[in-house]
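Only one structure is covered here, and it is reproduced in the block below.
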């Protein structure tokens, strides 16, 4: 964490000066349970079951697990952006169950999300430029003063993309725009839900390199959801392994991947694309 | 029965009941808002004492809530009140006129099915050809024409110019032909469009290809496999259209002086006979709720997942 | 009357360019005659080309010019008072078009709003609105409409009230379904994370994404409004003299069917053509918006 730049100059993308770094964890989740109710049959499905999780300021945490294991549901509930569920969730020390709607809205920009499907994450009727303008208008105090062209430069996009609409962008370009939008808010936590699995293999590495660089330059914490263990290992300090809504194993990446204690983790390691890393070590 | 099924059926019943209650309340409100019915009955010059006596006799001096509850009780016991102009029970008048309207609706719907379904299947099995375009445009035309005007033009052609068929009144099967034809236009178009859409969906399913591959004849594939799967939406629309026809019969009955419910409704409106208007609206609402229930039952019989 | 069954139109990626262009072409060729008609009925009376309005008891029930006994002095013939039918036809067309447009607006306005609210907020808002939608779609509101008219008399405001009451639910149902689909899109979550308020999300982001669907629905609703109006006017419950619409011309033609069928023929033909064009245009707009969806 030594490289964190804390200038707080509004023109920069570093963390917002109003929210100085502290010992308060960015996110604390205790015994979270989230259930989905099927509208048609009324059947209840427990997507997240007794999950606890902690992300310190600037820390990078991964959640891995097979499809349907509840990763997205967990991330949405933990950031107050999706169905809440039961259990205690504290965002920057504020308990989501106790917080008022207005406070929550003020707190929200501290967390920014980047999704798997970059096109679905952009309003189809809004050009890149007008989307950025809206963000600035929404949060005049906290958004960076960095110019639009400059901002796109930070995610290695040419400025002439500013007047494009989402359908005129490639998947990789759209994902960079999503990352730029997240950066503009200077968040304390970036949630990246499989940010590369919707992209071409050739573009995946670029986007990951970008995320890694952002971590070091902005000092934001990262909650990374992924299938790809190589990605997780290169980007994250701590990993949580989810299986059927439960966290079956958690710990530092090296420990979990090097000496998995849980049978499911072992299976996952054997089956997942990033398992190659072991031979590299 | 699983708990979830009970919940869904319960929810459906509750929402139908809510619909019914909304309609009943609306009908009641309209009756109340219509001004002083004693003036309609006794004429504007009647002495106040006489009016007061009539108000008492009709129960209009009671609190509105009591009137409303009385009214609801009447509805659920089959008593829809008394007509102001005919001095008869509304229920019995509706019962007298209903068979005529049913005749019209039944004949119209039969015709609509006989023409609409083959037209839709024709369009679906020849998707993209001129057959399809012709049938689809014809169906859209059927949904664009004011049916009563179509009826008038039928009268001009077949009754006035050619003199083949009678233009009005009822009595013989000959009298039924033109009104039934007129009635059938809208549902025919609707059924044709729906058949085309659900048939072309069904024909796109993989099992159709596999049936073809197994050497089953084209006609059998179309009627036996695709059509049975496309049946449900058609059945639904037939039942619901029947209800719409019942109320849509007003204009057609007017064109042909057909002595059905629609004519009765028009007479009631012209004479400001609000109890009768209200009774007909209530009757229509009850029919609709029953038909909707019927659709649900049909669904649960045909679609095993709903059971 | 006409009860249009629409697929809930879900938000879709933009159509392939070629299909888009084809749809645009057909939209153009359908909109053109509609525009010409609209201009014609508004401009023709100003040109002084139309025959005089007045009665002429020497020339009652004249057939149109192209039939035996007709004359070009009265291209569409005359009615039982010898009034020129073309002049009536044009002024009636004006009112019909106005009623169609306003009638569609009063239906899709509240329908869209309620559909948006139900689809976005869910919960009890959705439950209440859904019950209202079900009630309206499941009940013989034409009868209720007749009762309202019987009660309040025939006037344009009452007519618009009836058109709003009979039309809003279809719009609300489609808008609700489309809103539910869009609100699950991730950009909505992103906006929430940026601190956007719910009204902003609903009206600045979801509504613009529904614009195509709403325009198509509104177009179809114009056709429905014209049909409902013509039926009501035909029964003497919509537009009544001294005002004149194509529907009320049908009403006056009804008594004359055996002597002067043409009085009713042309207005009815005009209604059919107009509604057909409007329906074709609505279909084309829906397809343009999403080629995978067909109107049922």
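Per-chain numbering from 1; labels A, B and C assigned in written order.
In this section, a contact is a pair of C-beta atoms (placed from the backbone, for glycine too) under 8 Å apart; a residue touches a chain by one contact, two chains touch by 3 or more.
Keep in mind that this is a model prediction, so the values were computed, not measured.
Trainee: Applying the document's contact definition, name the chain pair with more C-beta pairs in contact, B-C or A-C.
Mentor: B-C is joined by more C-beta pairs in contact.
Trainee: Would you mind checking which chain's mean C-alpha position lies nearest the centre of all protein C-alpha atoms?
Mentor: The most central chain, going by mean C-alpha position, is C.
Trainee: State, to the nearest whole Å, the distance from the C-alpha centre of subunit A to the C-alpha centre of subunit B.
Mentor: Once rounded, the distance between the two centres reads 55 Å.
Trainee: Measuring from the mean C-alpha position of subunit B to the mean C-alpha position of subunit C, what distance in angstrom results?
Mentor: Centres of subunit B and subunit C (C-alpha means) sit 22 Å apart.
Trainee: Report the inter-centroid distance (CA atoms only) between subunit A and subunit C in whole Å.
Mentor: Result: the chain centres lie 48 Å from each other.
Trainee: Which subunit C residues sit where two or more other chains touch them?
Mentor: Within subunit C, no residue touches at least two other chains.
Trainee: Mind listing the subunit C positions that touch subunit A in their complex?
Mentor: Going by the criterion above, the answer is residues 11, 13-14, 185-187, 189-197, 200, 204-205, 208-209, 211.
Trainee: Of all residues in subunit C, which touch subunit B in the complex?
Mentor: Result: residues 1-3, 5, 130-132, 134-135, 138-140, 142-144, 146-151, 223, 227, 230-231, 234-235, 237, 247, 250, 253-254, 257-258, 261, 264-265, 268, 271-272, 275-276, 278-280, 283, 294-296 of subunit C touch subunit B.
Trainee: Under the stated contact criterion, what part of subunit B meets subunit C in this complex?
Mentor: 15-16, 18-19, 22-23, 26-27, 30, 33-34, 140-141, 143-146, 148-150, 152-153, 155-156, 160, 186, 190, 193-194, 197-198, 233, 237, 243-244, 246-248, 250-251, 254-255, 265-266, 268-269, 272, 274, 277-278, 280-281, 284-285, 287-289, 292
Trainee: Where on subunit A is subunit C touching in the complex?
Mentor: Against subunit C, the touching part of subunit A is residues 76, 79, 81-82, 105-106, 108-109, 111-113, 115, 117, 119-126, 134-135, 138-139, 167, 178, 181, 185.
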